[in-house]
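Both complexes shown next keep chain A, but they swap its partner, so chain B is in the first and chain C is in the second.
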Partner chain A sequence: MEVDKKEEIASDSSEQVVNPWEVSAKDGGKIDYDKLIDQFGCQRLDESLIDRVERLTSRQPHVFLRRGVFFAHRDFDLVLDAYERGDKFYLYTGRGPSSEALHLGHLIPFMFTKYLQEAFKVPLVIQLTDDEKCMWKNLSVEESQRLARENAKDIIACGFDVTKTFIFSDFDYVGGAFYKNMVKVAKCVTLNKAMGIFGFSGEDHIGKLSFPPVQAVPSFPSSFPHLFPGKDKLRCLIPCAIDQDPYFRMTRDVAPRLGYSKPALIESSFFPALQASGENGKMSASDPNSAIYVTDTAKDIKNKICVNGGQDSIEKHREIGANLEVDIPVKYLSFFLEDDAELEHIKKEYGEGRMLTGEVKKRLTEVLTGMVERHRMARAAVTEEMVDAFMAVRPLPNMFE
Partner chain B sequence: MGFSKDHLLARLQELQIDYSKYEHPPVLTVEEQAKYVSSSEGALSKNLFLKDKKNRYYIVSAMTDTKVDMKVLSQRLGLGKGGIRMAPEEALSELLQVSLGCVTPFAVVNESARDVSLLLDQKFKNQTRCIFHPLSNDVSISLNTLGLDKFLQSIGRDSVYIDLEANPVVGKDQPPDLAVYVPSNSVVVPELPTKTASIQTASKNVSAEKTKPVASAKPSKLAGNVKSAVEDSALLVFKNPEKFVEEILDKTTALLLSEGKGENVEALAETFRKRLTSEFTHLAVMYKNTAYSQGFYAGTQSQPKRP
Partner chain C sequence: MEVDKKEEIASDSSEQVVNPWEVSAKDGGKIDYDKLIDQFGCQRLDESLIDRVERLTSRQPHVFLRRGVFFAHRDFDLVLDAYERGDKFYLYTGRGPSSEALHLGHLIPFMFTKYLQEAFKVPLVIQLTDDEKCMWKNLSVEESQRLARENAKDIIACGFDVTKTFIFSDFDYVGGAFYKNMVKVAKCVTLNKAMGIFGFSGEDHIGKLSFPPVQAVPSFPSSFPHLFPGKDKLRCLIPCAIDQDPYFRMTRDVAPRLGYSKPALIESSFFPALQASGENGKMSASDPNSAIYVTDTAKDIKNKICVNGGQDSIEKHREIGANLEVDIPVKYLSFFLEDDAELEHIKKEYGEGRMLTGEVKKRLTEVLTGMVERHRMARAAVTEEMVDAFMAVRPLPNMFE
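The block that comes next holds the complex of A and B.
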């Protein structure tokens, strides 16, 4: 993975590094999210906001909200204020298609976005940054386009509504109104600023320098004249992982100068890698054993889960209980086990030594296998025609229903 | 479009796959083949062409001394104990376009065999070379498994090597480990032997008719058509109203039967809502997406109204 030097955020190993191309904790420890929020200048997503979401959508908030997976935001409160007044918004999220194999970590923002789409009844644009991967991962144009289409299928399998969702790849869509906005944004960001935010240097090729506007402009409704004609003031909410924050800090800075609303963000923490120690950043596609893939079989999943929170012997375990701080299966269950009561029960019993590691592993295997199976079934139903339909530049007349 | 052996050999050469060729009188059995091709040239293979009750086909290619237990294989594929048997002769000619005694992994090069699942003995990987018929039983070729893999890749297939002698437990908590290799599409082969399969000369193209209207689904390049059996019915569930309703009722009644003992009705209703809402919504969205996509496609193909 590319490691870009950064000036804004210190990059020596004694500080944590979080940017779109690198995520690593300080001294191989855990990511300090409080520090990150401070550093980036975003807000904590607190209980009161979650309660508001519940009231406005008349349904239980998504498990990722309840468990603090999506934990930070910018202006989400303003979006909710506007929503209450009857002013809708649209969602924008994306994926950099660098590999065919998607793992659960990749699906998290999509699962959450799907919930937001259903709960708030709003449209969604999904950007596949095939150009970015072509540039950063040195893929051929054809390969990155192919990967984009393949990834689109897994994304569609998450359950997005085709009457409210527009998926586009940069290579296909950049041009027209979208490009006009890109140029407007580019004019507002000096080279020095870009180098500061993204860590570009004199050695980087100019393709990389010119990319940030591409990821910025989907936040502006005028980039999609076929979707939002005349709705220039429509707000945008961007669910993403917190490492994408730099792009949108830049965008928010530029927006008022262009007469656009600032996009709001709702940000997630990183999905922990399966290996406990060593690689303490996020689940990574470049290390197959660190991740659960959507193509994994039940057997694969079972083998990949290594329980690390139990004590060395059963007696010792029953005596002191498990180490819930480091235990990976419990972390995973907190992401994916819907039932709050059951999770509490497991944490209590396991933490006090009455439940053994085998049982926790079994429950997690069940949950993950169920998810992966359901995804596979849905994925099998995604045809080439369906991808074409999602990616067609077409109006979405019922987008707010 | 039935591939001939010459076609195949030329293709192997194009791909720069190293192989040795042995010509001999036509042989129908491994014993006969062994008379002409000595084991110093490579490991002989036995090749089975199998079919399950849902008209899905499999080629199992194994070392001659590997014990292939059909009952175990059937269970591991998730087909129950007696779910798999030798495929009839018509299928051999229709799908693989080879003659008797000529089943070979190479047969999957034919379009007609695109839904045939190919399972290879993992013991092949330890051999320097393995021997197969190149679509004709008067020739044998020996090549390394890497060469076979390269060939399969060139036609968009993944090589699947399995431990054929393993006998894992298959039960409620242990899903069949080979179920993922069950083809997603079934094939109906006409009963009457309408043609002799002579593949020496690239004979008339006969591809088997499919019964299910798998209209828009092109086979996924990813795994060369090896997907779970579950996914076969998944496609129909999202296209066919009856199957859709059946799926919903199946899941609802299953939940009723597992949870409905002794619960009061209100609590049960709550459980239903809680457990089924998200799953059914997901199903419904996929159904909607499928319908929209079909309509969209129809729109792109439709003729403008006559003035």
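The block that comes next holds the complex of A and C.
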């Protein structure tokens, strides 16, 4: 019975579960990303594609590409083929505004999307799913909208170009062509199918069942008639964490039946929690110590970082070196330390026991404090007028230049 | 398992089934309206209420009230209590635009709603559920919208007051405060509950599951901020056929949890098909001979009416009279012949065998031809500008006068 799919998935501990609401590894271990690629049917983002990005954009690929943070894709090669022929695309990403303070994991897709926008010189739509969070987190409409606007400030602080970027809240924007596309998508997805993809159960409310089309339709340019009039065939590229893949598997399944292009995807692994040994989960907004928030002070950051790859004694550490596989600070440095040579140096010295945990922790504290401080200053400079400007329903005359 | 509710209902022939998509009587007989009132938990519209309507409006109650076409209600007495204290209300009705030509059954709620608007001097919102028909009838968005606009002309031809009436299509109007209310309603209805109320199955698409909130929210004045700013407590009265009751049972269940008033209902029985002996179903748009269309010619009408309550021979008819219980023309006359005395006369003469089938048929042909002719002329006078005027999102400054 399809209605029981959720429990079926959840109780089968031999399989890892990755969907927008649950990320759990097999038997509590690590997420097996190779297996996830097979499970989902997406493709690995290999070296040759990254080289192509470098060639096409004439700049060094983003650290998240070089280090495999964005590791999987769907049809990204086709987007590059088209781009090479002179056909532009647009970017679509989003955020569910469930909390006021964002943590570093939340910023990763936006940092990467900003790079893509600059490198490819393309427009971007950013969806704030305040309707989703109102339904899933049982927030009031007003509180969801307030959080959406607060989160928009953090997103804008990442440095997006207002002449190429449209940020919208679902509560503000759903309607018209967007709603028509929602209905078209909904017609193509049976309840059984939605239950299979998303793991809904009979006890879930119908708002949840109604939501997948809302997240699907920004993949179609006709949902934004003020941005893309007459450009119904414009390709869409979605940078996102891989837990969002179910939405877009559904979207890609439906698109050809509506005469639309399938959106392409470029997907990231999960940013590890501070306390986890390994990478078995996402950072969680519900445990403040599991994550570095953009509102944390230098002292907060210093206190939160714990080094877990070192050995019990200095003597033992000097002898066998750190276990880089489980060390969270080294993982964090590989996300955020831009200098490839320095990162390699730290990994070698730390891994071979010459560098001590205190030094690694100090360097990571510097890197994160700098990032968070820069973000805080940028966010403080975001005015209400700037938010209004990004969220205005308007044409973007120079968005492809 | 709730997912099987639909089949469960359908296979239980000992129960009559009445919902927006299916009207079937127990063992193929007549709909038992008394039992339906019990099944649904609504109230009978009794003489004392009709007398009160007459007193409050200082005019003879509409023939559909006097003859029991509108026979059931929910909280109509509370609406009258409030009206008596000087508190106005607003009317909400609607139509699913699935076909171009309307038949007389389609006009009944609108004829009655026009009377209510005039008698109580209250505003009216009319929802055209083009999104619903796009999903259920597999029409394109464009075709559903075209039908909505064509149907709007027939509705306007019923004589509504443009200074008190807002007609909207869902595809045009969903968004903003209306969408926020949709989300609020959807949060309160579990999938199991929706399956129980509406009989959806796992093979139905999620568009169907998403629709009930769309039909629910015009019951709340805050869905129309341009009409009812600051009037969030304004009562809503919904004239409709009783097959729509499931939508509003759900709405009334949810309303208090959102801090909204429950909408009141005034509900009609089904207009019988021309060929049915009795009243076991609604007229069907799929069988053109089962109904009188507003586009039928006098000749069409004459050919469609068949008299079925008469006896096999004139002699027998003179002897035992017509069977008024099954005679469709007599039923039709009781809907549309306004003169109470003439109707009583026909029923007596025909029932006692003095009036022959040919005479009854002739009189009904006159009545229907006159109605259809008047409707055709009124519709021909409806311009595109008038449609635009009724459908403009605008305040209605004198709607309560």
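The definition used in the following text is that the second predicted complex is superposed on the first by the 385 of 401 C-alpha atoms of A that agree within 3 Å, B and C clash if a C-alpha of one lies under 4 Å from a C-alpha of the other, contacts with A are read in each partner's own complex, and residues count from 1 in each chain.
As a working rule, a contact is a pair of C-beta atoms (placed from the backbone, for glycine too) under 8 Å apart; a residue touches a chain by one contact, two chains touch by 3 or more.
Being a predicted model, the structure only gives us computed values, none of them experimental.
With both structures placed on the common chain, the touch criterion links A:K299 to chain B but leaves chain C unconnected. Contact with chain B, but none with chain C, is seen for A:G159 once the two complexes are overlaid on the shared chain. When the two structures are aligned on the shared chain, A:L78 is found in touch with neither chain B nor chain C. Of the two partner chains placed by superposition, A:V326 touches none, neither chain B nor chain C. Which of chain B and chain C touches more residues of chain A: that partner is C.
Of the two partner chains, chain C is the only one touched by A:G175; chain B is not. Once the two complexes are overlaid on the shared chain, A:M135 sits against chain C while remaining clear of chain B. In the superposition on the C-alpha atoms of chain A, no part of chain A is touched by chain B in one complex and by chain C in the other. Looking at the complex, you find that chain C touches chain A at residues 1-3, 131, 134-135, 138, 141, 170-176, 179-180, 183-184, 186-192, 194-195, 200-207, 209-210, 212-213.
For chain B in complex with chain A, the residues that touch the partner chain are 175, 177, 180, 184, 216-218, 222, 227-228, 230-231, 234-235, 237-238, 279, 281-282, 285-286, 288-290, 292-294, 296-297. Across the complex, chain B is touched by residues 100, 118, 150, 156, 159-163, 297-299, 373-374, 376-378, 380-381, 383-386, 388-390, 392, 394 of chain A.
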